[in-house]
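Think of it as A, B and C in the order they're written, each chain with its own count starting at 1.
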Amino acid sequence: MPDFDISPILESWQFLATGIGVTILLSILSMAASVLLGTILGIARVYGSRPLQLVITFYVDTMRSIPVLVVIVWIYFAVPILTGINFPPFWSALIAITIHITASVVEIVRAGVESIREGQCRAGLALGMSWPQVILNIVLPQAAIRMLPAIGSVLSVTIKDTAIASVIAVPEFMKRAETVASQSYQPMEVFTFAIFVYFLLLFPTTRTVDFIYRRIAHLGRS
Amino acid sequence: MTEPSPLRRGATQRPLLEYKHVCKTFGAFTALDDISLTIYPGEVVCFIGPSGSGKSTLLRGTNGLDPFDGGEVFFDGQILPRKQSEVRKIRQRMGMVFQNFELFPHKTALQNVAIGPITVLNKDRAEAEQQAMALLAKVGLADKADNYPVNLSGGQQQRVAIARALAMQPEVLLFDEPTSALDPETIGEVLSVMKALADEGRTMVIVTHEMSFARRVADWVIVFERGKVLEEGPPEQIFETPTVERTKEFLSHLGWA
Amino acid sequence: MTLDWSIVWLNKEALAEGALMTIVLTVLTMGLAVPLGIVLAFMRLSKWRSLALLSQCFVELFRNIPLILIVYWSFYVIPILIPVQFSAFTTGLVALVLCVSAYNAETFRAGINSVRHGQTNAGLALGMSQFQVMKEIILPQAARRVLPILATTWVSLFKDTSLVSVIAVGELSHVALQIRSQSFRVLEMLTAMAVIYWMMGYPQAKLSDWVRKKFEVKE
């Protein structure tokens, strides 16, 4: 068993720590944007006009068919050629990951909303509510709770997708770890350390979502 | 242990089932508190009592599905083993019918009835299916042999479940609230099948809330409350002249006495 | 901006090979990850705590780190630990199998656990052994529940094969990106790459939808 020398990690700890910061920032921003966009598009998918539904379905199915790597690379390299706009790596990654993850959120919102029984809507309408009121007060709150576990796993996927952004040199943690590993010629220690870091980021995330869900699940059961 | 009443059916033979000081707890809750009972061959015994009184728990421990914490069960003079591989052989001699039918949804009615003999008794498939067909006819469902459970009503499913238990040619039939999950219209068809089995002289232990059925069909009735036996005796005694005050109260709440 | 789409046609053999490699990776990975997933699931459900714990740790580990990191780790670290030189292809395959079998383990475990306990009781009451109950009653019912999820995992795997391109395995992404850097036809190649993935992935996604509908279990 070869020696384990963690000195390169200690020497570059700030470099690596800022990488973790970028990972977290990129994850949170992508997630927030995806949830916002995904909810709007998801509601449109369920309640919108038929042509709108078809367009959104096509978008969702396309994102299901194309790897996020391809989207990231396309946004970063191809969009500047098409439009002349140059996105810095971080923003390219943010846009690409958001586009990819939004599609998942749309499907989750659709499933959540459709799982609310018609009787619930009719009860709201019978009270004299308008459709927007029914959606806002009755459907969405219950759907939101039901969607929580799935959203939790989407968050997990988002964090993992930020590591893929390393291929366009976004200064997130994966890229930083890669840099330190190659410069120090000690890939074993550095990548093993990277495994610890990502595990510590991801494991509590899904567990926390599970925990919250278990506490409030009864509020979404009708 | 009380002396067997000379009126008790089958009392001249060796008991088929004996419970000796049986206990079971779920955490702080005592489900069974020192239960000692005897069941004779050919008897139809009904366990009645309020929910949570321990009757289903006693039944499920009889074939080792939910083993007891204390005491012993004797089947045909032999103590019920603890090891799964050994208790399995005893289970082959007992038949159980569940409240939720528990038919296997991925098999047809015929396959459900035949699966016991085929997998457990290693019977030849053609022979097992032939006998299964006869059993389905016996419970009045020969025309539903190729239906899947999802296409059968509750009463039909339960009748198939009874046929499935009969296919193993058991020495005793255990019924765990067989009609509690049924619509009122279908309860009758299941009870008729059970009455027919009783008339054949089979040994049956039935946990039930169907008091008129117990009154008509049982040879012996045991009343449970809070893990203990409140009273036991022939149906005439229990339903018409109960000796214990609590039995009277329980039955009057249900419209009896 | 002048576009020259002929570059795609000129390299059609290379792209086709890349696409084939993507498919080969997907099929091989699934072929290994399904049995491995079943083994892990049974380990988790077994009576022996040490086996269950081992399986749980494996699954939690590989479900909670990015695949791209597993790919890098496998490529750089395995040669240090084991004195054998694996090809990039094998390394990539190993990384994919480790990751997917962890997901499959959870899928199979959930599938088995989702079959009602009463079914086990009914089988045992007939005198069946635990093994017979599992074989005749639980597994056939679990299979129904597991298939739609496996279909989804398959589609994800198909996309994830793109990540082994970072260690120069010749699947579609790597081939397309290579041609891009050699020809400088960036927009054309990247778009072609996306379109080829789309053409392969779209039917698979629709197929997995069909599988989900067909095997939908309504309790």
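Operating definition for what follows: a contact is a pair of C-beta atoms (placed from the backbone, for glycine too) under 8 Å apart; a residue touches a chain by one contact, two chains touch by 3 or more.
For clarity, every value in this text was computed on a predicted model and none was experimentally measured.
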| item | value |
| --- | --- |
| Of all other chains, the one whose Cα centre sits farthest from chain B | A |
| Chain closest to the middle, measuring from C-alpha centroids that were averaged per chain | C |
| Whole-Å gap between the CA centroids of chain A and chain C | 20 |
| Gap in Å, rounded to a whole number, between the CA centres of chain C and chain B | 48 |
| Whole-Å gap between the CA centroids of chain A and chain B | 54 |
| Of all residues in chain C, those that touch chain B in their complex | 116, 118-119, 121-130, 132, 136-137, 140-141, 144 |
| Of all residues in chain C, those that touch chain A in their complex | 1, 60-61, 64-69, 72-73, 76-77, 80-81, 155, 159-163, 165-166, 173, 177, 180, 186-187, 190-191, 193-194, 197-198, 200-202, 204-206 |
| Residue ranges of chain A in contact with chain C within the complex | 1-2, 61-62, 64-71, 73-74, 77-78, 81-82, 156, 159-161, 163-164, 166-167, 174, 177-178, 181, 187-188, 191-192, 194-195, 198-199, 202-203, 206 |
| Chain C-touching residues of chain B, taken from the complex the two chains share | 63, 65, 84-85, 88-89, 91-92, 94-96, 98, 100, 102-106, 115-116, 119-120, 164-165, 168 |
